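Take a look at the structures below.
After this come two complexes, each holding chain A, first together with chain B and then together with chain C.
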Partner chain A sequence: MPVTSYLALGAVLFSIGLYGVLTKRNAVLVLFSIELMLNAANINLVAFSKYGLYANQTGQVFTLFTITIAAAEAAVGIAILFALYRNRNTTNADEFDSMKG
Partner chain B sequence: MNTLIDYDWTVMAPELTIVVMAAFLSVIDLFLHPNKDRRLFMWPTLIGIVGAMCFVGMSWGKPAYQILADTYRVDDFALAFKMIMLIGTAFITVMSYGAFRKEKGFAEGEYYYLLLTALLGGMVMASSGDLITLFVGLELLSISTYILVGIRKRSVMTNEAAWKNVVLGGVASGFILYGMSFLYGLTGSTNLFTVRDRLGEALTSGYDLYAWLALFLIVFGFGFKVAAAPFHMWVPDVYQGAPTPITAFLAAISKTAAIALILRMFLIGFIPLFQGGRGTVLDEKTGGRVLLILAGLSMIVGTVIALRQQDAKRLLSYSSIAQAGVILVPLASWGPFLFPSTLYYLTGYLFSTVGAFSVLMLIERESRDSHLSSFAGLSRRSPFTALAMTLFLLSLAGIPVTAGFFGKFYILANAVVTGSPEHWAMYLIAGIMLVTTVASYFYYFAIIRMMYFRASQVEEKLRIPVGAMIVISVAAVATLGLGLMPQLVVDILGNVDWGASLAPVK
Partner chain C sequence: MALSLSGESIAFFVLSMMAIGGGIMMINSTRVVHMVLALAFSLLSIAGIYVLLHAEFLAVVQVLIYTGAISILMLFGIMLTKHKVDEEDGWSGRLGHSLLSFLGVGALFAIVMGVIYRTPFAGKVAATKSFTVEALGKSVFKQYVIPFELTSILLLVALVGAVILAKKEADS
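Moving on, here comes the complex of A and B:
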């Protein structure tokens, strides 16, 4: 059944993304990892729109929405990282620790 | 085949008002000279919100209506949530007036129209009948709040808060979207009602584990958004670093919108999983158990960690984690008063939280610090503020004659009514609620003790900007009023046919 291989690809991408968010120190890589997680969902949607239980076009429409949203989210993420870099001169996420309690 | 003109667009009047006002403000902001004072943007923002409130009030009680190919749904459930969010945003707009000192790199124009777009996202979430609109609304709310949290560009703490919000918010969105993709794969539709009809079929034909996977992924993402334990680790940092009005926004409005999302998903889309899910591994009680665990953990973790906080803003953020647990109890227990008790509690919680954060904002402005000791001697510096803060804290703690007391009582009654010897988890969650409520008195009273029984270093009067004054007075009156006369709101909520607001439109 071809859909399982797409789902496996999606699951692998999602896991890599989650692993990256949790472990990477470079803030840019953290943003990349979030994109991977969102794209894993996109692959699922497109695969389901061809091989799902009720295959139809809606999944691809959904993907168009999520691609746009992911772009907006990445833009905001990068902008916040810029502001942070200006103030702290680092992109090492481990050093963003001024609040504790 | 419907064309766009055939729809009755008047049902979307609240959203359209907010969109128009946000677009109008963003254009004005471009053309206005950079040195001009943008505090006056508060007025158009407020006019937009009040206009939207009028439209919401006018459509209350009418039969449900679906627009835009059934993706958008206006019913009493959506209207109630919209009203709460509109009131909350109006408060936050007013309290922001004069809240920010003149500082370089602070974009005050953006501040107001991003508040409006965030509100719009919440309203879209409350009334969507489709996975796509749910997700778009969620992201509109989230992305606007990412920027709002980081709006003071020069402050390191604010930057860090915004960064943590973006990363964990992005992960949560990823989980929700991944879960939604499985839901779509099983049912071939993004319409919540079609999902409901076809999900039962998928359950019986051997795909039940995928359905449960979708539920767990969505609960995971939702846990982040509503700030429930064990997904709460971002909450204290983001709440502490964000400008205080935005902290109040996150605590009150974002949480309300997330609750609207989970209610729509669970009570429409996922309902086959709760009604005799004939699955192989998990039974129909699993979904309720997951929520019970989320609710119980939130109450325990939020309360226990709040006990040892020395910073008032962090204390209130842990308290809001505990409150998230309380709000989840009605959904987890599925009692007869699910909707009225959730909405009543959210209303009371809105007034007391926004009020408490506006007092905190005043303290922070004066002492540039949100440590508990900044509250010392407040009863002498400003007796009115101290009294109002006491009222808000009593309401959050759930002490009689305040809104919070009746809200907690309502939720508790709802949980106990559904309990039975084989349904003993309800008694357990009611017990956890009682114990954590009593434990929470310690940290709420720590602030009250500071205000009344500790001497302050500074003796001069606390300066109160007029916006904050209005918010504190109105919130105090509402907190007290809801506590003394709960029937005012309960009657309105009790007369609504909630079942009809979750049924598809013919």
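Moving on, here comes the complex of A and C:
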């Protein structure tokens, strides 16, 4: 398999996630789309740990750290969402505009 | 690019179709729980992609963290907040916004694909015989031990922060 196939898969998944972030109004779904984008980036890292001039296992180490950070991000994101839902009684991202100037 | 029909390419094709199909189902579904299931399916397929790339440990971590923990966390996030069913009707009302987003994402995708297929990548394959869990552990705990420890601090901070943010505020 050429490395371009894996990179193309990552690009497709990233685009799907980006479209979700831009169009979804529900904040939970925006978090889902961000997870999909992070996974697309991870595919690229792992692909370059197998293919390339200096391919080695360091790409997998990077992906391990990315997965850890993404897990922390998801937990904090859901917690912020709960706090917002308790105060505003909605998860609609359009209505979180109290910091608008 | 000669398309040889090896087992790896068939497995890659099936897994990538599952991953992309899960993503598209997540975008197009109207019910929020269906979206979580589609996302979990997509993330599970990505674990299969990791197996194809000789990253077996990462595949197991992907199944544990993403299709296990994060999907359940997102399910809790959905169940503890209220969702109107007709809220996510997608195309009606915000057609201009959706169209503009689609065009922007499509342009980005075209540029990225153009760059990917024009770049001459070195066709070398790493010695995947040395890609063992033992080597990964040695790499994490010797060469990358400081980032590893920083990650543990970050996880602790995220844990405390998430608890403080999500807990019920005292009535004042």
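Observations
What we mean here is this: the second predicted complex is superposed on the first by the 100 of 101 C-alpha atoms of A that agree within 3 Å, B and C clash if a C-alpha of one lies under 4 Å from a C-alpha of the other, contacts with A are read in each partner's own complex, and residues count from 1 in each chain.
Heads up, the rule we're going with is that a residue touches a chain if its C-beta (ideal position, glycine included) is under 8 Å from a C-beta of that chain, and two chains touch if they have at least 3 such contacts.
Worth saying up front: this structure is predicted, and the values here are computed from it rather than measured.
In the superposition on chain A, contact is made by A:55 with both chain B and chain C.
Once chain A of one complex is fitted onto chain A of the other, the partner contacts of A:91 are limited to chain C, with no touch recorded for chain B.
With both structures placed on the common chain, the touch criterion links A:17 to chain B and to chain C. Looking at the shared chain after the overlay, A:5 reaches chain C, while chain B stays out of its contact range.
Chain A has more of its residues touched by C than by the other of chain B and chain C. When the shared chain is aligned, chain C comes close enough to touch A:29, but chain B does not.
In the superposed pair of complexes, A:66 makes contact with chain B only, with no contact to chain C. Legend: residue contacts after superposition of the two complexes on their common chain; A:76 is shown touching both chain B and chain C. Residue overlap on chain A between its contacts with chain B in one complex and with chain C in the other: 3, 14, 17-18, 31, 42, 47, 52-53, 55-56, 58, 61, 65, 69, 72-73, 76, 79-81, 83, 86.
Chain B meets chain A in the complex at residues 131-132, 135-136, 139, 142-143, 146-147, 150, 153-157, 159-164, 166-167, 170-171, 173-175, 177-178, 180-182, 184-190, 198, 202, 207, 236-237, 240-241, 309-311, 314. Taken in their complex, chain A has these residues touching chain B: 3, 10, 14, 17-18, 21, 27, 30-31, 34, 37-38, 40-42, 44-45, 47-48, 52-56, 58-59, 61-62, 65-66, 69, 72-73, 76-77, 79-81, 83-84, 86-88, 93, 96-99, 101.
Of all residues in chain A, those touching chain C in their complex are 1-9, 11-20, 22-26, 28-29, 31-33, 35-36, 39, 42-43, 46-47, 49-53, 55-58, 60-61, 63-65, 67-76, 78-83, 85-86, 89, 91-92. Taken together, the chain C residues at the contact with chain A in this complex read 1, 8-9, 12, 16, 19-20, 23-24, 26-27, 32, 35-36, 39, 42-43, 46, 49-50, 52-55, 57-58, 61-62, 65-66, 69-70, 73-74, 76-78, 80-83, 87-88, 90, 94, 97-98, 101-102, 104-106, 108-109, 112-113, 116-117, 121-126, 128, 130-131, 135-136, 139-140, 144, 147, 151, 154-155, 158-159, 161-163, 165-166, 168-169.
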